[in-house]
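The first chain written gets the first letter, and so on, giving A, B, C and D; residue counts start at 1 in each chain.
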Amino acid sequence: MPIRDLALHVVALLVYPGALLTIAVGAAAEAACAVALGAAGAREALLAPAGQVRTALRRPGTLRLTVPLLAVLAATQLAAPLNPVSPVARNLLVAAIALAAAMWLGWVTTWAPDASRATLLVQLCWLVALVTPALISESLRPQALGAVVVPAQLPLKVAAGVLALLCLPGLLRLVPAEEPATSRLFLWLPLCGLLTSVFVPPGSEDVAGAIRFVAVTLGVAAAALGLAVLAGRVRAAADLYPRLLVPAAAVVLAIGVGTSLLT
Amino acid sequence: MTEAIAVAGAALAWLGVTLLAVAEGRRGLALGLATAAGGLATAAAAAGQPPLGVTALLAGGLAAAVLRLRSGGRGWNILPPGSTPRLMAALVAVLGAGLVASSEIASPAGAARVAGLVVAALALARILTTERRWAALGAGSALALGLGTLGGATGLVAGAAVAAGLGAIDGAEAAEAGG
Amino acid sequence: MPLASLLLPPVLLVVAALAGWVMGRAGVAGGRLAAAGGAWAAIAVLAVAWFATGRTPLEQSTGTTIAGAPLILRFDAVTVLFWLAVLVPAALLLTFQRRSSGEAGMAALATAAALGALAAGSLVVAAFGLATCASLVLVLRCTDELGALRAFWPALTAAWLLLAWTAVLLQATAGTSAYDAVPVTALGVPLLVLLALAALLGSGLVPWRSWISDAWDGRRLEAGTLGVALLVPLGFAPLVRAYGMGGGQLPSALAGLVLAALGVAAALGAAIRAQAAASRRGVLAEAVPFAGGMVLLALGVGTPLGMVAALTGLAGVGVAAGLAPLAADRRGPLSAVAIAVLAGVPPALLFGAWLLGLQAALEAGELAGFLAMAAAAAWLLALAAAARAARLPLAPPDAEEAPSRAGDAAGVAVALAGGVGLTALIAALSIPAAAEVMPPAARAVQPVVSAAAILAPNTLAVGTASGGWAAALLGGPLIALGLAGQVVARALARRDGAGERPVLVVEPAGGVEPLFEPPLSGLPERFVAALRSLRTPEQYRSILQPAMLERAAASGRPWLWIAATVAMAIAVTR
Amino acid sequence: MITARAPWRLPVPAPALLGLAAAGAATLALVVAAPLLPFGDGLRLTAPGRVLLLASAVALGLTIVLAPHRVPRWELVAAGLGALGGQALLLAVADPLAVAILLVLVGFAFATRPSARPFSARARGPAFAAVLLGVGWTFVRMPGPAWVGRAGALALALGLVAAAGLVPYLAEVDPDEPASSSYVAWTGFFGPALALTLPGRLLTSMSAADAAVFGATLVGLGLVNLAWGTVGAWRTATDMDAWRYSFLVDWGLALVGIGLFGRDGFAAAYLAFVALVLVRLPLYLWARPALLGSRPARLGPLNVLLAVLLAGAAPFSGFPVRLLVLNVATQAAWPLAIPLVAAMLMGITYAMRLARTLGEHRGLAAIGLWVVLGISLVLGVLPGVLRAVAGL
């Protein structure tokens, strides 16, 4: 039934796990971010996301519109329980490419060569973290990857998960701490949710499972924020980031090659 | 008997073309051409070539020789200073031809062939080395006669016709500018 | 009807070309209209001829010869797909680019030649067609600077020569170069290497800057970019047919992997050049090489899914070849969207095709999977380059800018429509075409290329073993939301009285430095320069002087003639 | 044919021209009517020979009427008829020795054409070729040691090369010399006639070993001329020399085709010679004004199309020749195709240069250029018809 399928996909885009959840998680994360990084008071912190949304609405250019649309598209690919998009139609690469495109388009107006170089480096490491387990499992379905508990593949899964987590601050431009771009608000859920989908075993297909998914995703966001705070406090970490990610990515690749030879 | 006539004809042809090669006057050239034609005709006849062809060859050679008297250097002027290399070439040519056709030099046909080869080789040497139009034309006629002797009736007639035809071309250097 | 269907589209274009030429002579400015009309009519006729006549393949041996070789034409799903991949961009460019009547006529003729070449039923006819089309494109490009042709002519000449040589080698070993008649074992690895080399040169798919990018160097884009749209698919065609000649596979799996690696290298090279481009034209110039590299990756994988992905990607190459020139020389939201589409942003056709290609590689095993990862990295780089393009100047200072608002709108529309209709495209064209070159084995009942393995059952989604993509169900609403958002944005902007504030119109303040300097940049130029500077070593100059040798032969007394003759005589008589 | 500006030139006497024209026309008539005559056996035009003769006549007509000239057309008609008669004889005479002898006549007669170079120097090439052919023919038929036969076969091959003035028997070409007087006429007009008919007649009388030497020599010299012509046309300083070298390239391909003895090889040579006479020679004549500086060189669309033609690309006459040569070379020994492909590729290095010298023509000359282009297109697309006519 194409019409029914269409309706379900529209719901996925607009409501869950699409626009509504994306904005909700993004607003929460941005508020936390404002507190943790901006050292703002609770009131300003709570109003910060609203300000960003207001800006987005006041100056909606074609590209500004594209960023949330791509983010929402990426969100529909998450292994969120009760996701109306059929599990067989979800795809890690769709999410990854949509997110990468959203990041670049979101930062077009504030393009700076150094920041862009760092972003590119982080994105490449992030890609290694997401795709290497997929290579071994020969699957791009997030929920299938998340469900992998084969002992031989666990080292790779853990290493790739850690690398993906380390990449998040760079992808969200938390390190180095920048004036929050409007686009970032829309990236929190798909980025953190993708990590949850690929590296955390999926929960049950019910409301409890959905809540668990959102909770874990928020946890991942908190971890990313924590890493950003740490980088802000420890100068050495800030200096090493994101160059630190390159050897980590190399290690993940090496483990991937080893695993493929062994299995 | 025919062998002796053939060898004599070949010797006469060689003498004629040598004369042609060392002559810097129109008379010397014509004499050499006529002698070569006579020698070639003799050798060809001894080799049993058709009389018509032999006669044509002789006639063509003589006609070419007579026509060459129209223009060119004055007098005989045979063996002018600097002719030694041409004489040496004449000797080398006959030796070379003998080497190639050694197996059949004794036969009349072989002798005629040697004569043709020698005449052709020396005539070519003359064409390649001379700067004079009339000398080149005379050597060209000899070349045609020599090549003609290497074939049958067709070759003989063709050689004769071409030799006479070349004789008809004006050998005066003045025509260079005009033509 | 079959033969007519095979002949009518090129004939329409030839008629359009003649009309354009006559109009040009008469000083009437209707040639462009005629050429565009001819191209669109050819598309319509093709669609009707193929889909309304039962989609039955036709191999027509005309009984006549062309250039001394039997003229064999083939009209099957592969031909149709390739024709569409050529006709759609050609129609777009002929419609929206500025051309004189004469130029339009020649362009239509070149397009007809390309169709003829793609309908070739044998390698030798394909070589003739490629050479003919390249010749016509060269004439079209004669208005460019000769520098822009420096890479084009040698590459295309080498391509048709290698193709012709492959054909004669096939004739020597198998007695024919007809795709259908060549024995499966005839196409060995050496022949494949020649064929692949011809294909790569013909379609400009090399890791360094090729004639495709050079086509953007001229002051005008019209001739060069049309050439790209016509010749790149032409280069791919023999490679796709090679699968058919090999009974659905290449003579060696390793050869396939090498091809795939070359594809990744080409895509990576294009992305690297794009991120370092000095103008937006420089970025757009790399769109087709990048798309071509992705196609080659999928083609090299050699699985049915890979072939389907490659053939779908070829349609994407067509879209890129048509859209990129029309998106050049304009700023504004539409142009920005066009660049994003060309960089593979969902849900456009390029995105869907590349996604399918990466999935095919991933499903083909670990080695191909790592190639897929490299290709995905190149994709990310291309996205970065597209973002950087917003801040670049439109074109080099001496360029003749030719903005086309309607053109880029049409191009974007085609790309997005192709993306949303990806499933239909795959079902109607790619899968039948792949099945054509990957036939089932002798006694096999199941087809090698199965729609069930590529399209999700009862949905409008693509669904392979590794993952899916609901092109219509997610892409369609996404575009609708985007359009709705745009309308709202305009309304809000009007309410504020500010007019539309195009976010991407960032006037460049000087050049934007690249993310990184391309490694080995200028290597081919340096190599050519090194070759040019090769000289005979000093100590041998006295004995190796062809000119002196020639003077000795040609003038004065011919002692050299005699010496050469004597020397050769001694050589053969010893 | 076209004649270049020649300030040194005095008017050619009318009776001489009339005689030349009459002789040429009579010879032509004799050759054409030979089958009806009692001595018809001695004059036999082969099917390819007939086509080449017709092509030469067309080329002459085309160039006399449409090419840019600086001498009265009646003089060109006379010279053309004479040349056509000579070519007809060379094509028709069945006895190779008679051909060698006639070569002397044609060579010396041609040397009388107006020129700045001495008569004797211009007569050397044909005379040398005639001796090589005559001596070679004698040697291959002469009983004796094997080396004599091999030497004869070599001489015959060299004779063909010498007659056309190819490497190593290159002749001097004076840029200011009229084409109807220069050695280009031998390379582009008389040479093809000899090379097209003689090999067929010679091979019937050769032993296999001698034939192998004959073929190998032709292939070797073909490759040498191909390389010499390609590199020369690319690197030479003057456009005139570039044109001359481009003739060597066509000859190189033709010689390789003949030397490999395959049916396709002969067909390749046949097509190459027809194209040489009908396309390259006329184009050279059209280029003369620019080569002599009386007209500027330029690169318009038509010139680019002509560059494609001169590079041997499809859809023009060079393509089938290249395809056939590649085919026969691959069948004989595939590595032989490598230098051939390389040389064919390098054809583009000089094609544009040559095309530029064709400049821009108007009126009749422009029409002529289009006609030559059309002829080349027909030769390129439908060589099968031409092969069928020649029975190849």
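By our rule, a contact is a pair of C-beta atoms (placed from the backbone, for glycine too) under 8 Å apart; a residue touches a chain by one contact, two chains touch by 3 or more.
What you are looking at is a predicted structure, and each value in this text was computed from that prediction instead of being measured.
Q: Find the geometric centre of each of subunit B and subunit D from their Cα atoms only, then give the gap between the two centres in Å, rounded to an integer.
A: So the centroids are 31 Å from each other.
Q: Between subunit A and subunit B, what's the gap in Å when you average each chain's C-alpha atoms?
A: Using C-alpha averages as centres, the distance is 102 Å.
Q: Using the average of all C-alpha atoms in each chain as its centre, how far is it in Å between subunit B and subunit C?
A: Chain centres of subunit B and subunit C, defined by C-alpha means, are spaced 70 Å apart.
Q: Go ahead and note the Å separation of the Cα centroids belonging to subunit A and subunit C.
A: 35
Q: Could you check subunit D for residues that touch two or more other chains and list them?
A: Only 124, 128 qualify.
Q: Can you list the residues of subunit B that touch 2 or more other chains?
A: 128
Q: Find every residue in subunit C that makes contact with two or more other chains and list them.
A: 558, in rising order.
Q: Edges wherever two chains touch, nodes for the chains themselves; is that graph a line, a ring, a star, complete, or other here?
A: other
Q: What chain pairs are in touch here?
A: Every pair of chains in contact is listed here: A-C, B-C, B-D, C-D.
Q: State the interface residues of subunit C toward subunit D in the complex, per the touch definition above.
A: 64-69, 102, 106, 124, 127-129, 131-132, 134-135, 138-139, 142, 146, 153-154, 157-158, 160-162, 164-165, 168-169, 171-172, 546, 550, 553-555, 558, 560-561, 564-565, 568-569, 572-573
Q: Considering the complex alone, what residue numbers of subunit A touch subunit C?
A: On the subunit A side, the touching residues are 2, 5-6, 9-10, 12-13, 57-66, 69-70, 72-73, 76, 85-86, 88-94, 96-98, 100-101, 104-105, 107-109, 111, 113, 116-117, 119-120, 123-124, 127-128, 131-132, 134-136, 138-141, 260.
Q: Using the touch definition up top, name the residues of subunit B that touch subunit C in the complex.
A: 128-129
Q: For a test of understanding, state which residues of subunit D touch subunit B in their complex under the given definition.
A: Against subunit B, subunit D makes touches at 8, 10-13, 16, 42, 93, 95, 97-98, 100-102, 104-105, 108-109, 112-115, 118-121, 123-124, 127-128, 130-131, 134-135, 137-139, 142-145, 148.
Q: State the interface residues of subunit C toward subunit B in the complex, per the touch definition above.
A: Touch residues, subunit C against subunit B: 557-558, 562.
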